[in-house]
Every structure is written in structure tokens, then in C-alpha cells.
Amino acid sequence: MITQAVGRVLSNEQVAPGIFLMSLKLPWIAQRAKPGQFIHVRIGSQFRPLLRRPFSIYRADAEREEIQILYQLVGEGTMRLSEKGEGEGLDCLGPIGNGFWFRREDAVLVSGGIGIAPLFFLAEAMLGKMSSDDPRGRGRKVTILIGASSRDYLMRRKELELLGAEVRVATDDGSEGYAGPVTELLAATLQENSDRAFSVFACGPRPMLKEVARITVRRRIPCQLSLEEHMACGVGACLGCAVRTPSGYRRVCVDGPVFDAEEVIL
Amino acid sequence: MKPNLRVKIGSIELKNPVLAASGTFGYGDEYADLIDIEGLGGFVTKAITLLPREGNAPPRTVETPAGMLNSIGLENVGVEAFIAEKLPFLHGLETAVIVNIAGSTVEEYVEVTRRLSECDGIDGFELNISCPNVSKGGLAFGSSPETVSEVVSATRASTRLPLIVKLTPNVTDIAPIARAAEDSGADAISLINTLVGMAVDVQTRRPKLASVTGGLSGPAIKPVALAMVWKATQTVRIPIIGIGGILNTMDALEFLISGASAVQVGTGNFVDPRCTMKIIDGLEHFCEENHIAKISDLVGSLQLSTGGAG
Amino acid sequence: MKPNLRVKIGSIELKNPVLAASGTFGYGDEYADLIDIEGLGGFVTKAITLLPREGNAPPRTVETPAGMLNSIGLENVGVEAFIAEKLPFLHGLETAVIVNIAGSTVEEYVEVTRRLSECDGIDGFELNISCPNVSKGGLAFGSSPETVSEVVSATRASTRLPLIVKLTPNVTDIAPIARAAEDSGADAISLINTLVGMAVDVQTRRPKLASVTGGLSGPAIKPVALAMVWKATQTVRIPIIGIGGILNTMDALEFLISGASAVQVGTGNFVDPRCTMKIIDGLEHFCEENHIAKISDLVGSLQLSTGGAG
Amino acid sequence: MITQAVGRVLSNEQVAPGIFLMSLKLPWIAQRAKPGQFIHVRIGSQFRPLLRRPFSIYRADAEREEIQILYQLVGEGTMRLSEKGEGEGLDCLGPIGNGFWFRREDAVLVSGGIGIAPLFFLAEAMLGKMSSDDPRGRGRKVTILIGASSRDYLMRRKELELLGAEVRVATDDGSEGYAGPVTELLAATLQENSDRAFSVFACGPRPMLKEVARITVRRRIPCQLSLEEHMACGVGACLGCAVRTPSGYRRVCVDGPVFDAEEVIL
């Protein structure tokens, strides 16, 4: 169930060039959030911006009743968001969307740019840091491939390693890790692990997701993609956030944002 | 004593003059967790057509200064699936349920209206005549008095339920259009639908909407909507429902004072799902503060004489 | 190499595609201390009528969401006083001076154009046909192709100077109107003039403008203007000047890419007198960054094919 | 000549309920400003508010290159203005308008509410605090009548007395001074001084100015009124700020804001 709540800003800091991490006190959402879900935030009190902006839940701490979002400055909305100070209130709708679905299989997570946001939460959930019953990630293997334009934009790497994930890196300019698109790194990783069963989970720019879908569908590897689309309502009412599927359009906000790669036509 | 917020739109009794506008409130259930939808005067469903429609390619929305463009393209499940899947939730709701109807031919409007009139749970219809008329070269039904008469008369004959005709603002003069709707048997008029607009992504040199142009809504269009509502109230005697850029109580009051008997909130729902609830509270509060016993006394109370001397 | 910002509007050569819009830039001298008006591509004067006009009662302006309403009411000194008092300053300015002409009858347009054509210092005329046509019951000249043809043909015959016809957006379909202007001999079309709008003071229950309705301008109307400019460029071959809500370089680029050969800045001058100067610099910068040798290559470069597959 | 300049906010403080005093570093304007002139301020960087807002120059200090404005919270623009912090820049046009004209005659200044803003500057100029050649106000008598809804809104009283002005007070609720409109106090003051020659200078709400005009014109006392009207351009170009006169409309921004009471039809 989606609720509307004013979250108090606990902190809001730059963590990489143009990338901010914000913590919000939002008990209801923190207690129910699943990886892949998002919140829909009213940034301006008047018309700038007019519409809400969607951000993936980057972490949720049920006990401390806090959630975090990791966001990139791209336009006026995110600019204004970055100016919010500790103690200010932020009108949020959430948690929204289906989230990722997973069992105990091994997983390869593929992140492009700010796509790391929902995947970090997913990795944390998979590796069991969130549940006390199986602190060592239930023995599964989680590999995360992080793609960025250059090394300065590689985010949350150490944190992911601490969780127990295997981290591989690709940069467009070759300043660190594999020199080239993260999708090539995915192809290589799939090749190496062709004897094992696992699922792929990806979030990033549309062309990257398209390539991930192509690679995985061809090999019949289960793959989930977290999509983005312009959103007005964020609750399924306006039909603004359409994504094409073989059976017509579906809504990214409440039918997604996570879709099976075979389910969508990108 | 609490002020009386009740208003009548044709034979529809509204507990207050605030409705959610078509296309911004889904089929009601999407907002049921977030607000008390029975607190609304009523709401208008997303447009229903005879057959299911896919809608337009994305991107379908984009923000503009104090507004937004949309090009949903009438995506809907079609009248039969609406009756089977959506109507059961609406049935018995303690708020007015108005079904928005769209079509490409007069026959389609008539057919959908007729079919829905057989069902329970619907308080009235709103004819969305901003749709392109396929037999008239794609110009909207609502863009000439003749086509308005045609579609309204035909639909009127196919139902006993109240008929609200929703006008498009993309016309040279709203007066003859409003008159045509009234003369053809409309119980009320609602306006405005969206203005035709466009936005361009300078970097890619592409339109920001896949359909190139779309419909402009939100605070940006409020002055245009108010002028048209005022002109319509000067022209016809049937009730007017004001729509366009209403985000708060003051906005709603501007429309009521200008002559609208009720208002609809569209884009405002996206900005704040509680928008309608806040407006309803605000209207009550305003009436109390200003010793207005019933909100209908405010309707059309615009003072036109100039104030001072000189 | 510096990018070439020159564009041609009929036979008028503009050093760059940025003009100040009529009614927002007075007769040029009001801004001469604040900016280098000769840096402009040109500017359009406040509307000139045959006889002096008093204009409307105040209040004449009011701010609206991302826009403003005005109801100046064509206040001006009349053509003779314009020639005697204002033209000397304009004469010899190193920028295109375009005189905006208004009237209540076809004869008035013709007379003003004829009289001004006898004078030096004017590079062209812009016919403001949003004015009410007294002989046609007060509907604007610009609201039907017939009246547009009438006023444009008659004015065309009375001058050799370039004739820009400025269209009103308050019409059902801009295409036949634009075509009528072209067919009647217009050298260019400029659009849009203001949208009809209104605002109400809830406390006093009075219209915020003494004239009740006024003209809406500013960022709020940019999407509407863009859609109309785009449609006009699909319809006629003469150059189009885009107007409506342009406040910065990106706004101007949206219009150029959509097919406008030049743009006019209206409300933007009020927000920041340096607005036009910043846009001119910004266009130069944009061309440099994107290796565009001449700005005219940008005009109409909108890509309409959908991007990816699917 | 009007210039455009970005003034640095030196201070911005509440001085009475809902009334703020702002100091701005604006050398060009500070050196040229005359009492009755105003600045036209862009408050928002985007569209809220879209148009500039006019404020009278409340003080100008040529040596320190500073000006001050005294403003009342009435809507969004003034609200946002009150949030500006020290060091922020404010885009200003000014000095604009004709200002008051005066010689050495005695003067009665009539202020309603925030109308005190231009009159304080006028009193200061008349009493010679600004010029070193005649520090004791050239021997003229300046009486200032301050009207307000109640005593809390009586502003700048002590400062005016220190300048050497005679201050009289009227409050609507009678909480201090004369109980009633300041225009009644004006009538009484004129009565008392019927044997002397002086001029009246007034600024305040339109109904008050109308009454001041009525009283003074009847007695043939020279009277100048500082008017307000909605302004778009502020530089004489848009004709938005019209005030009716016997010879047609004139522009409040550059033909005024100060008009002879006989010159305008209120």
C-alpha cells in the first residue's frame, strides 16, 4: 500500500561529483520497502518543479525508521533537492512499485551510472545483511558489475564488497577496471559462468538495459530490468509512464518499475 | 452551523463542489488508499471508448513552466472490460461517479453511452468531445457548433442519465459551442480540457512527447480556463463545471465566483493527492470565515462594476 | 570562426534572430540606457493606430502562474505623433525597426501603413490582427481566414515595405489562418499574440483586471506557442517568427528548431532587460559548441522519426 | 538614468510585525537616489515570482554605497524577499521615477502603513541630515503624521524624532495617538497651521491618498502623492502602470510615482 508522508531530512550530502545521498525519517515506508521500489517526492512547495520526482529506495532501515535515496543532479528538481537541509520536511509517496523478485539463486547485478541505487538495496537483501536468520547471505554468490563513465563516478564499491558481493568494474574511459561498456563485462561474466544457474538484475540507461536484455534473453538467463519513464501521478492513475510490452502498454510506476526482460519491448 | 457545500449539476446532487477530473484519477481505486474518495463531491473516470485502446507511444508526459503536457491517447480497457473489471468497485461508492466517454464517431459515443446506461453505479456521463472526429477529417468534435450538436443530440437520445459536455478550449469562440451543447440537451458543461502544446528537447532536437504535440494542463492554463468559464456562464443557463489549473482553495474560489457551480481538479492530484481534500476543507473554512451559509451563494458572485470613482 | 547568426525575414536582413516584441519594448528608447539596443536583431514598436488611443482603465497587469495578463488596450500616441516624436530616435538605428500596426477597420490599417511608408527609418511592418474588427461584431481580424485575407491584401497594396502578419492563438485552427496570410501577400508570419485569460481577486470578488479579461503571456504559454509555430511552419513557406514565453537561450532554440526563422521576446524583457542580450550570446555559444556554422541551419531541424526500435 | 545592478544583501531584518528592512550594496543607485524614487527588484531566479517587484528607496547612503528598503509581507514575492540572506545577490533596476520635489518650505508628511518608506527618506533630505552644508534642516519645520492600524505598526518614530521632525500619530484602534484615520489628523493639523505656508507629501493606501488629495486641493495646499500601481517593466515601456489624469493616462513608474494631487484622478 502506498502512503503519503512528510519525511524529515536527516542528512543530505554529496558522495561523488554531482551525486547526493539523502536520509529521510519515514517509518511507514522504511518498514515496508522492498528492493526495486521507489518513492515519489514533491520537491517544490509551489510550481518549480510542479510534478513529483521518482527516486529508487537505496536503503531502508526498518529499526531506525529511515530510508535513503541516492540521486544525481540532472535538472531543476534534483538541484533543488540537493539544497534541502537537515530537518526540512519532504512530502513523499511510497513505497511504490513491485520491486525485484528473487529466491536463493546466484545473481549478477548490472548497474549503469545512477542505476546503482536500487541494486545496492537488492544486493543487501540478497546477502542477508538485513535479516538476522542468515547473516552470511545464505551462501549465494552475488556478483555486481558497475559501469560508469570514469573512475570518479564508480559508486558504493567498498560498501558492496563489505556486504560480501563480488564487485567488477567497467569504465568508458578505461580509468579503472574493464575499459568499455558494462554490458561487455556482463557478456564476459556470463561466458565465465556458463556452467552455473543464476539470474541477472539490471538498472541503468535505456540503451544499456536494451543490450542487457538482448544478451540474457538470447542465453535464456532470467533477467529483471528496473525501468525509468516520465511520471506524473506515480500511483497508476494517469497512464503517463507507459512501457511497451507484447500485450500492450503497461505502467512503469505500479506494474513495474521492475519487469522481466522478456516482458518488455525497449 | 456548518456551511452547506452541496451543489446540483443537473439532477446529480454533489455533497460538495469538488470533483477529480478525467484521466487524472484513473478509475478511482488508484487513489482509494491515499485519500477518502467518498469525501469528494465526485470523480470522473478516465475516458472510456467502445473498444480497448492502446494509447500513444511514450514519452507521454513532460513538465512545462507551471504545467505539463500529456499525450496518453485515450488508453483504456474499452466499455465491456470497464463494466466487468472497474464498475464493481465504483458501484455503491458514496460519491458521484461520472464516466467520461470518448469516441471517433458519433455512433461510438452513442453506443458507449447506451451500453453504460444499462448498468448500475453510474451517476452521469461526461462527453469528452476534444477527440478527433474521423469522419470530419480529424478536427475535434468540440471545435464546431454543428459537430457538437450532432454528437450531443445523438447521445442525449441514448440515455436518461445526466449528460455533461466537456468543451475543448482550442476554439475561436467558446460561446456558440456552449450554446450548441445546451441547445442539444446537455445538462451541464464542463471546461476546459487541455490546450494543444508542444515541447522540444534542444539537445536531441526531438519533440519531448512521442506524439509531438500534447495537451497542456496545470496552473499555467488557469487564466485561460477562467476566461472561458466566465464567458460560458454569460452564454448558457445550465450549470458549468470549471476545470484548469486548480491546485488550491483560492483557485477553486476564483472559478466558483466566476460562475462555475462546481470544479474539477486534474493535474493537482499528481502534485498532491490530498489536493481535493484540502480544497474541500478550505472551501468550508472560507464560507465560515465569510459567513456564507451555502456555497451556491458564491457561484457567479463576481462584481463587475469598477470600484472607486474616476 | 564565429557562427553566422544572420537570418532573413522577407527582405529584412537581421544581424541575429532575436527581436524584442511589440508592446513590451515601448519605442525602443525606454531600454536604450539598459542594453545596447543595436545589438538586437531588431525590435517591434508598441502598436500604432491612426488616432491616439487612451487605453484601458487600470489595473492593467497582473501576474499569473509563470505568466502575466495585460490589458493595456492599445494605448498609443497615434500615427502622426509617432512620426513626429518617436521616429526621429528610431531613424538610423543599426538594428531592424518594425512598426506594429493596429486598427478597428481595414481602412485604418491601410491608412496607417500608407502614412508610415512615406517615412524613413522603418524596416517593416507587423500587422497586429488580434484587434477586434468593429464591422464584424468585434471578433478579432485574425480569427477567420476571410478577415485575414481582407486586411492583409488591402495593407499589402498600400506599402512596399516587408509585411509581417502577427497571428492570434485564439483560433480553432491556425493552419487556414496562416495560409490566408501567406496567400494575401504577407512576407512573414509572427506568432503568437497573447491568449485570452482572466484572474479573480477572491477577497473583493472582482476581476483583477479592470477590463475583466486580458492577454496571457510569459513562460506559461510557451508550449501553446511552440505547437502553433510548428503547425504554421508545416503549412506555409514564408518565414515564421516565433513568440511566446521565451526567457532564455533554450526557449529560443526550441522555436528555431521547430521551424521559426527568428524569435521575439516579450514578457522576458520585464523579467530581465538583458534577456535578449543573453539569448543572443547564448545562441552564438550554442552554435560554437555544436559546430553549427550558421544559425539558419538550425531552423526547422526538428527530428520527427522515433528514436529506438519497438 | 536607470541602471541594472546586482546588489549584495548586507542585512535583512524584521523591524515590526511583518515588516522588514533590507540593506543593499548598490553604489550607482546609492549615489544618485532621490526621495520618492524606487528600485525594481527581481526576487525569484525562475518564475516565482515572474515579474519584478517595486520598492521605494527608504534610505540611501552615498558614501557607504548602500541603500535600504522597508517592506511589508503581502504575498509570495515579499515572502521570498524576506528569506534572502546576507551576502546573496539581488538583481535591481534603479533608481526609477521622478521623486518628490521640494524647496525650503515647511512640510507636512502623511504616511499610511508602509507608506512611511519613501517619506522617511524625504524627511531626512528635508531636514538636511544628508547634506553637510546645513545640518539643522535649514530651519524648516517638518511635521510627519504616521497612520497605522495599531501601535505595533507605528514605524520609525524615534528615528524621525531624532532627525528633528515633529511626529504625530494616528491609530485605527486608538492604541496610540489620535484614534482614527490619519487623514483626520491631517485635517486637524492643517486647521492648526492655517496661518502658515507649507506643502503636503503623502504615501499610503489609495483611499487615504484620495482623501488627502480632497483635503488639500480644497484648501489649495500644494500636495504631492506617491502612487502605487501594478508594474511589469518598471521603465516606461509596457504602459501597464497607468494612472488616470485629466489629460489621459500617465505611467506611475517613470512619469511618477510622485504626482501632484491636482494632476491625477484617483
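Just so it is clear, A, B, C and D label the chains in written order, and each chain counts residues from 1 on its own.
As a convention for this text, contacts are C-beta pairs under 8 Å (C-beta built on N, C-alpha and C of every residue); 3 or more make two chains touch, one makes a residue touch a chain.
If you're wondering where the values come from, they're calculated on a predicted model, not measured in any experiment.
Contact with chain B and chain D alike is made by A, C.
No other pair of chains shares as many C-beta contacts as B-C.
The centroid of the Cα atoms in chain C and the matching centroid in chain D are 37 Å apart. In terms of their C-alpha centroids, the spacing between chain B and chain C amounts to 33 Å.
Rounded to whole angstrom units, the spacing between the C-alpha centres of chain A and chain C is 47. Taken residue by residue, chain B touches two or more other chains at 57, 65-67, 218-219, whereas all remaining positions touch fewer.
Residue positions of chain D touching 2 or more other chains, listed in rising order: 47, 244.
Within the complex, the chain B residues that touch chain A are 23-26, 30-31, 33-34, 46, 52, 54-63, 65-68, 70, 72, 75, 218-219, 267, 269-274.
By the touch criterion stated above, chain B contacts chain C in their complex at residues 57, 64-67, 69, 139, 143-144, 170-173, 195-200, 202, 204-207, 210, 212-213, 216, 218-224, 226-228, 230, 245, 250, 253-254, 257-258, 301-304, 306-307. Chain D meets chain A in the complex at residues 46-48, 76.
Here chain A touches chain B in the complex through residues 1-4, 42, 47, 49-52, 91, 93, 229-244, 248-249, 254, going by the rule given at the top.
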